[in-house]
Amino acid sequence: MPPGSFVLARSAFPASGSRRRSTHLAESSPAPESPSPPSTLLTIRNVEKGFGARKVLRGISLDIASGEFITILGESGSGKTTLLRIIAGFERADRGEIWMEGKRLDVTPPYRRPVNTVFQSYAIFPHLSVFNNVAYGLRAAGAPKHEIPERVIRALEMVKMYEFAQAAPSRLSGGQQQRVALARALVNRPRLLLLDEPLSALDANLRRQMQVELKSLQREVGITFIFVTHDQEEAMALSDRIALLRAGHLEQVATPRDIYYRPETAYAAQFIGQTNLLRAEMRDGIATSGAVSWHTFGPPGKVVFSLRPDHIRLVVPARVPSQADVSLARFKGRVANQSFGGSSDLVEIDLGNSQILRARLANPGVLSGDREFEFSSADAVRVREGGDD
Amino acid sequence: MTQPFRESRPRILLVYTALVFAFLYLPILTLVVYSFSGSGSGGFPPSTWTLSWYAQLFGDSDLWNSVLNSFLVAIAAVLIAITLGLPAALALDRAEFPGKALFRRLVLLPLILPGIITGLSLLMFFVSAGMHTSLLTVTLGHGTALISVATTEIFAGLQKFDRRQEEASLDLGANHWMTFWRITLPNLRVSLIAAALLIFTLSFDEIAVSFFLIGSDNTLPIEIWSRLRRGITPEINAISTLILVFSFILIFVWYRLRTRAESPEEPSASMLQSTLEGAS
Amino acid sequence: MYSRAYKSGVTIPPLLWVVVFLLVPYSILFCYSFWSVNSFQVIVHSWSFANYVELLHQPMYFDTFLRSVRIAASVTLFSLLLGYPVAYYLSFHSAKRRELLYQLVIIPLWASYLVRGYAWKTILGTDGVLNGILGFLHITSGLTSLQNTLNNFFAVHPAMHSWHASFVPLSFLLYSPFAVILMLTHIYTPFTFLPIYASLEHIPRDLLEASHDLGASPWLTFRRVILPLSLPGVVAGATFAFVLTLGDFLAPLLVGGPSGIMISNIVASEFGAAYNWPLGAAISLCMLLVIVALLFFTEKLERRLAAS
């Protein structure tokens, strides 16, 4: 085996930033190992929850750092909303604990937790004006009366709803109500803000706009956000870290880049972005999956690889192939389908024997017939397959 | 509003419906007409017209005493029914406990049970407890019978209420008591007023239960009843017309409140409808 | 989310009231039915089945009960026959005027019972509205045989029949089971209308369009789609009308006359002039059991209809 392959076996992409997070945490202490450790705000330990016979959360453990924007991502039924409600205090976990800065959180009632929630349906109080909605938490906490108007106005300015201070909520659009809900939560300066799919009811354009605003808002106030969504694009756009939840288990917890380029499981690879799953046979440093084979490092046996469509390129016929470049893998296939996607096309390649790969090519022009494609071996990432269910 | 479904022969149906409406309104119109009739209830059509019955009404102190009694009993009944119907509705909406189905049936039972049974069983109860029949016993009877109305009406209001608002309130730092006063109750305002109006009207007109629990002070329906037994007095037509107008106004207000609170897509549901749906 | 304190707080007060003012009275009713009255008009707490034996042996009680059932069944039938078409019309044919018509059906509901009963007295009396109209139109002889049929159906004593050839104001209109049925039908038609209208409104209109699309005539659509889906409402309304008519004692007193006596009148008189509370309690208990059994049965029926 050429010595170079050892080097190339490692990822071609550097670890993103300096913040490598630990993933599944067992019994070890909450502090992550990193050059400048941000403090941990919330520790979730072995939380389990079931409704009747149905188990929704099966032993969730997660550390959330202060000031981070973390998204809990999952399909419907994965348990993400339940987890959020447990943190907020509307449900009690069957087992497990939640700690915030050295104190047990899950035994305190919701109105005593330094946690605020933005609900999916906004839950604005219809019988109170916008101002009184936002002031509600301050009044409940007994904030000094002279402070309240100032804080409310500042919160409304932050979400750009200042002119609507005296309005009745019924006159507001969905997006406007959502901003009010945000202001209402943030004005209390909680340690933690929970957002339960807050953008799901908005149309696509408004959604994108709100995503940008939310992100900059979070940076501005520095409050830890726990964001729940089923939309993986949204999760990738907004988060510092993503916690992928699947059927009550944490599948992977990593930064968006890490989770995209180095998914740990087949599910993670498929849920986030698109991918080609190559079920390969490893032998003598070569992995073979159907008509495709490439050089890689690892013990022999059956392995599953994930290859992102954007890593597949068209081979330019004019280029003279130098020696067999071990870092590249080439294959031929028939262009079965091509869908235009603006900046890139999604091309379906039929390799025969019902093996189909998808490639994302930038401006390929109209393709047809048999063409040759290539990808870097390092881009085929090894993944685990099969969950616990 | 559902789209009307066109069929080929609505005309017969239309005529039939008109006849049914005529049937429903015949007695009411008769009453009103005869309250102005010179000869009282005799002769059709009335030969003379007069306002004397109404005039006679105003000098009738016994009658007005009974109106006052009815009024007091009705107010008290509203208070009892709502004070107990509100927690009952909350319990049915939120709490899970063994025997909940039985609890629900028991609370709603007086709604469908003939008044005589409620009245008699309470009479025997009061007698066993050594109490004499009086306006108090009537009030307790009305209150008991009408809790079911309050529960049904408030329960319907709770179903429409977004519980997330309570969660939001707790989330923002208000405890359960504060949440109840500042969020739950204001949102139930329409249901509570509607229930109060309804219970007031039902208590004011109530006769079956009152029949057995009445003491020496009469409520209005009982007073009218005892006069009817003695013979037809045309005054009755006049007071009945007045009661009619009064009830209409109250129910009209109730209906307006109900429909304003509802979304336009839903068919307007009345208390009974939701009861009969909910009782199953 | 709701603490135990909250849950107890909302459950206990109404539960307590209901126990004290419903369950305890029913229990006392139960006890009374086994007691008796001595010759001094004092209630004696001696336990026996004597009252129930009396009920079984004296045919009057069962006959009256049967008559009450017949009257209740008639009222239920007629109010359904009146209420259903109106509900149907409102649900399927009236678009613009629906709200108004709906309110018009509801309004009589809230006019006082007594008031309406008295009005019927006025209308049906020998000197009343109906006779006035009929006399004006000279149509009574054919109705006399109808009167006889009704008398027979309700087991009215022959001495009550009236035999007249020439025009006499119809006396059977008032003070008869017919009058009771008429009055109570008037009272309960809006009550049957409400749940039927609700269930008709719940029928998704595209089911009907599908039925038509598949070739079914309006009548077939009604029979196969609309009617079955509206049955829960029909059952609910019918139950209400039946149970409340069965226990009614005011209508017979107002317009029923001696031939229109119903079972509740017997009970009422036991608590009034006849002064035999234990016997009245026994009859009431039987009524209560019959009604509860009926409610239980119809609840199951409604559930099964709603599920299918």
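Should a chain be cited, it is by its letter among A, B and C, assigned in written order, with residues numbered from 1 in that chain.
One rule holds in what follows: a residue touches a chain if its C-beta (ideal position, glycine included) is under 8 Å from a C-beta of that chain, and two chains touch if they have at least 3 such contacts.
Computed from a predicted structure; not experimentally measured.
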Higher-contact pair (C-beta pairs counted), B-C versus A-B: B-C
Of all other chains, the one whose Cα centre sits farthest from subunit B: A
Distance between the centres, which are taken as Cα means, of subunit C and subunit A, whole angstrom: 64
Mean-CA-position distance for subunit C and subunit B (Å): 18
Rounded Å distance, subunit A centre to subunit B centre (Cα mean): 56
Where subunit A touches two or more other chains at once, by residue number: 90, 110
Residues of subunit B engaged with two or more neighbouring chains: 167, 170
Residue numbers of subunit C (touch at least two other chains): 1
Partner subunit B, residues of subunit A touching it in the complex: 88-90, 109-112, 115-117, 119, 121, 123, 125-127, 136-137, 140-141, 184-185, 188
Of subunit B, residues touching subunit A in the complex: 162, 164-165, 167-175, 178, 182-183, 186-187
Subunit C-touching residues of subunit B, taken from the complex the two chains share: 1-5, 7-8, 10, 13-14, 16-17, 20-21, 23-28, 30-31, 34, 41-45, 83-85, 87-88, 90-91, 94-95, 97, 103, 106-107, 109-110, 112-117, 120-125, 128, 140, 144, 147, 151, 167, 170, 176, 201, 205, 207-208, 211-212, 221, 224-225, 228, 232, 236-237, 240, 243-244, 247-248, 251, 255, 259, 267-270, 272-273, 276-277, 279-280
Sites on subunit C touched by subunit B in the complex: 1-3, 6-7, 9-11, 13-15, 17-18, 21-26, 28-29, 32, 82-83, 85-86, 88-95, 98-99, 102-108, 110-116, 118-123, 125, 127-129, 131-133, 186, 189-191, 194-195, 197-198, 201-202, 205, 208-209, 218, 232-233, 236-237, 239-240, 243-244, 246-250, 254, 264, 267-268, 271, 277, 280-281, 284, 287-288, 291, 295, 298-299, 302-303, 306
